[in-house]
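Just below is one structure, and these are the notes that go with it.
All chains are identified by letter, namely A, B, C, D, E and F, in their written order; residue positions are counted from 1 within each chain.
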């Protein structure tokens, strides 16, 4: 993320490293969001009503998020007031959900060059909104409120075209970029600081029940349209190329590409990269090393 | 499907094989659905209103389905009352549509381990709902009510992100799992007991009109993201691996994988499997036999 | 397109070539659309109200389109009246948007054998509607009304599952067929007379900002599920096979297929075709030449 | 009603007296309504969608009425589909409700010079619509479905500002003109061919339960704002002047006016009129005879 | 209220006088309401969804009321979630509003023979709902949140046709019966245990500002359509006949009737009654004593 | 109107008399309204979204009014976009409608002490909104677009409980205070600077067609619940007491009260007042002179 991106919104912070400190993150981000929304409301009267109803009339990020999700996910048979109540109560009672909501905002802001502000992500990123709603559905699932959790999953799938089973575990600082078509199965686990592009499937292997979905390590990057099936491990910092089909474990910090997928560098001597691609979002640097790639 | 799955909902049935008998299936399934919904309404007051409006206030599966589809697919210019009327009249007048609706419920319940009840499928599976709405659109198409059929197709595509041309023929006992992004063209035919994952395309070969889309045999399993193009035959019981691109016929009970797709075992001596993968939902058992698959 | 297709709607045209003349195209197409809608309203009373509200009550294509898009894209926090006003004002003030709307209608009508009338495309093609709404968002973006442009992008992505960054440049005569899951990034450029199937990604290469998305030449055809990443050139008249993953330039009038993609005919001596596949929509004629394609 | 009124809509009837014949009235009136709506849809495109959805897309008066009432009376917690179903089932199963709906249409058409067509009454007269909805609520009441009947009463009171207890009995050929503010209590009875203006109260006498509301004879006319309280009889053909407060029986074919009300002509020798004012709608002919009326 | 009325709903109370005790009234009434709703949901499936969403899914009367009012009073520009939040926060923070809500429920239940249950009043009585919403608007007014208070007044007037200025002070145990058309001005004061019928005006005397509206004593009964104008006192226990126009003070426990209003018994020796008519709801017992009343 | 009322909103005007000058009134009032709305949006975040959508996002009073009326009067069968278009086109094309809208705003602001700002009237006064919508319906009526005019009348009656026949002629500077229950018939004429309270009827005399409704002179004040029937003249500056029933002409500048109505001062020597009560809003000054008024 270019420094200019954030500095243009003038956060009154002095130490460079405080950007990632955990405490009072939520308050700082919320202050940013309100400042962004106020600036946009002033410059664009046609959007001011929208910005006031979704952000500026609320006293906290959790209220704004509960309002926005309630209005997005409601239907004629699941009223917005009911969903608003459910989201607000869940966010209010569980600080970890709020912390994750903040971490995910930061992930989008830092990793996605098209993300021009926190409020842009909060209002417009279906991947972000689906993920926050999933966290609530997941909490309901762990409380054995399964029918309600599944109803939420269904609404998220209808509205955002993102289908995450409420039992799936998703870490913090996760970016779902574009997000349309993402499918994540019941026993999948996604680590922290993972980036997942659209049309990605973390699917099962068949009708057998039990633990049957992928486990994605921290810092993994999964490219658009990649399909990972079965109870396989994608090691931390691994990279899965766009359109790849992966049915076997991928070692940490390696890159798997193609259909069927192969490791860049070969099965025996795969190339190991240093950075965590889930954070660097480097989709294509492997090309020169991928001998098989020719046009 | 694990036996425990159904026994937890306590169907009062004694002979083991009666599960698949055709007669009064509809009544039995409807009784199950109401019992499930009643149990869920009692345990989850926040969902009770939803369960009563969608299921418990109705006297039959066809009424419940017509109500649910009408409310899901309506828009400000296509009112829910109009759609409800259309769905109810069509379901009421055509027993084969009702039988297919029951067969599809059973398919999801038996094949998908994430499907915990009939009512879960009825209420929440966009693939199930899109398929039932398609059957009505198809009926309208055969009655030469094409503009209405196409308007329905469009609403299904908007609401569920599933695009099935109303002329396409879909068999019974079909499972669309996750279902987002499925595209099925005008002259496609899908057999009975087929399972189709999300992002699957049964597409045409270009702008030429006429018979130009795939024919899918009974019991076929098509993995996530598979693309099958042209007037090709996928033989009964064949399996198409996730992400495969298929442009040529696939023999019965063989497995095609990859992009470009190859037969597991090779073109000349493909491995033949016994079971019908569309029913067994075995996505990945071919891996060990797929010499080319390496990471 | 079979001649019978259009002749059935009886356009009063004598010279064969006037179909493509630019002047008063809009008026002629609008007259066709009203005639089609009137015929359908008469034959299908259940759809008449819909046809009157969306088409027959309007005095021009731009009003019909503004109304339809306003009602499709509105939400409880972005009212239809606001969007209608925005669309109508933008279409009214910019003739090039109206010309593009007409050219895109023609593209669907000519290239897609499933498109039985102009009104069918106008009312029901989510790709068509998303593209017209994108053109308005793009105009707002160029006027530095970025928050509003991004809000529109978000609504288009929610409602149609099509995600086009408002900065992306899209030519005229473009067909988005089926369209679900299409993702087009910020610095992408799409030429004239291009045809793009569903699930196509024109994506970036990572978190670096700047010019990082594909440039698609005139007359290109991009098959379903193809993923093109990075600032690469797809030469005019090239064809990208379904499911292909393309990370490098593709020469004009050649065909790239597979994951990883290869040129049909080989890297050194690729087969060059004559026609513009974006217009001919020939998806699969390369098969016989693609030595590697076996099942 | 001036003859020209109906003749302008060209009913193909020859015998003068057939206007009031009972048989196939419903079909004839429905034919008229459709003809009126078709004419209006042609002359006013802005209203055509409304006319098609409310009238022209339906195959019978009962369907049109059920649709219109369902959409008028629905709320976010009482869905239009539910109400449509309820109204349609009730109208379909009880011919007397349909006959009353036709008789009330005729009453408005004949007695109200501002009523320019049957469709005008059907679509726009809140008094007419409230009365038909009340008849359904009354039927539910007699079937001991009291909570549903009371919910309907409440919706009618919210939407139309007309409050009729579902137990109240209302005859046929009744005109509620303007109708805002009408209140009719639980044990009230209204005869046939009665005309009731807006703000009229047929109220009780206190908190005692039992039979405590007025009984209105056939052919009575009750002027705007008149208040009739208690279990009193208003004799057939009586006229109650606007703003009158009536707490005692009124003899047949007499006129009561004022607050407190007096009989025109005096208590002992009241003037008796010939015609039935509920049908003639003569509001003010008593003035010259009302010695007390001076300004 | 007939004893049978309440006993039919079987409250488990032993001491006769505990009906009016103040403590834990709210809990007891809420228990009653839930029992009534549960009984009605069981006997009437078509209403069950409504009863669950409005009552049975909520944990307290204040939540049920906030939900119901939010959904009734919302509009496309004042969303239900915003109003729900506002109502819930206000009810939660002010016990006197909750106590008044309970007292008003009891007033309807005891005084109105047509009120068959607490839930009937809570769900269906527009006078009850308007009064509770007014109390919130009044609280906002006293907090100097005048624009919001006036917006609420406007919504109440649109939805219920009841116009109460947010500055008006309304006591507890007040019954607005039927309620359509009630108008209460800015400086009006209404005492405790007052009963007010529909179309009653407590109006001002002109454009002069300042204290200009009526003061209604405890236990007053104001009949339908009565108009009381100016800063006049209606003494405690007074009765104002239906349709009366009152511009001067009315002594306690006397009855004023007619237009212009006169005291029953005459100005000098008015008849004094014992009971509080606002509680006894005796509308018409004065008739025999009102010498002037003749028909 | 107390001077402090307007000065509190600080209009930057120096000459005292410019308040009533006709030219650029609209611009000045619109500037006031925006300033009021901006102030309120700042002090009340919960209302800011509402104020932006209804006022602050619009560039003119006519756009704000068209938006507000479109959203208030729409229904599921008459969409807000259609009504917005209709209102905006009519206001834009007819300056006299805009001038009347401004004059009516001033009338409320000057005459009604409860009207604290122009924006309060614009947003919240149902009488104001119904009157502006009526002016559009009247214009349609004069253009022979009768079915649309009558549909508008019906929506106004449903939404605001105000029933004005579209043929009725209403002057400028008219105040409908509270307004619920007002009924104005087809051939009624209302002059300039008239004030009409709620529940007022300007009704006909029966079923005879032709000119049959009251003619109200300039500056008349009609009190709450007054009923004026027949083609009678209410002379300029006359005052009709609340609850009066008037069936005969009332001379200019006299006061009629009671049911039946009498002239204050007697028929032969009525008291003549100087001011125009429609402007002074003096409802009750006649009391001391009304010998008959006693309690």
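Methods note: a residue touches a chain if its C-beta (ideal position, glycine included) is under 8 Å from a C-beta of that chain, and two chains touch if they have at least 3 such contacts.
This is a predicted model, so every value here is computed, not measured.
More C-beta pairs touch across one of B-D and E-F than the other; that pair is E-F. Matching residue numbers shows that C-F is the pair in C-F, A-F or B-E whose interface repeats A-E, with more than half of the contact pairs in common. One finds 29 Å separating the Cα centroids of chain A and chain B. For this pair, chain B with chain F, the centres built from the Cα atoms lie 59 Å apart. Counting only residues that touch two or more partner chains, chain E has 46, 49-50, 53, 57, 71, 76-77, 79-80, 82, 161, 180-181, 199, 225, 243-244, 259.
Because contacts link each chain to all the remaining chains, their graph is best described as complete.
Across the interface of their complex, chain F is touched by residues 1-2, 40, 43-44, 46-47, 49-51, 53-54, 68, 71-72, 74, 80, 110-114, 116, 120, 123-126, 159-161, 178, 180-181, 197-199, 223-225, 241-244, 257-259, 280-285, 287, 290, 292-295 of chain D. The touching residues of chain C, counted against chain F in their complex, run 49, 53, 57, 67, 70-71, 77, 79-82, 84-85.
Those residues of chain B that touch chain C in the complex are listed here as 75-78, 82, 86, 145-148, 150-151, 153-154, 157-158, 161-163, 165, 180-181, 183, 185-186, 199, 201, 203-210, 212, 225, 227, 229-230, 243-250, 256, 259-263, 267. Residues of chain E that touch chain C in their complex: 76-77, 79. Looking at the complex, you find that chain D touches chain C at residues 41, 45-46, 48-50, 52-53, 56-57.
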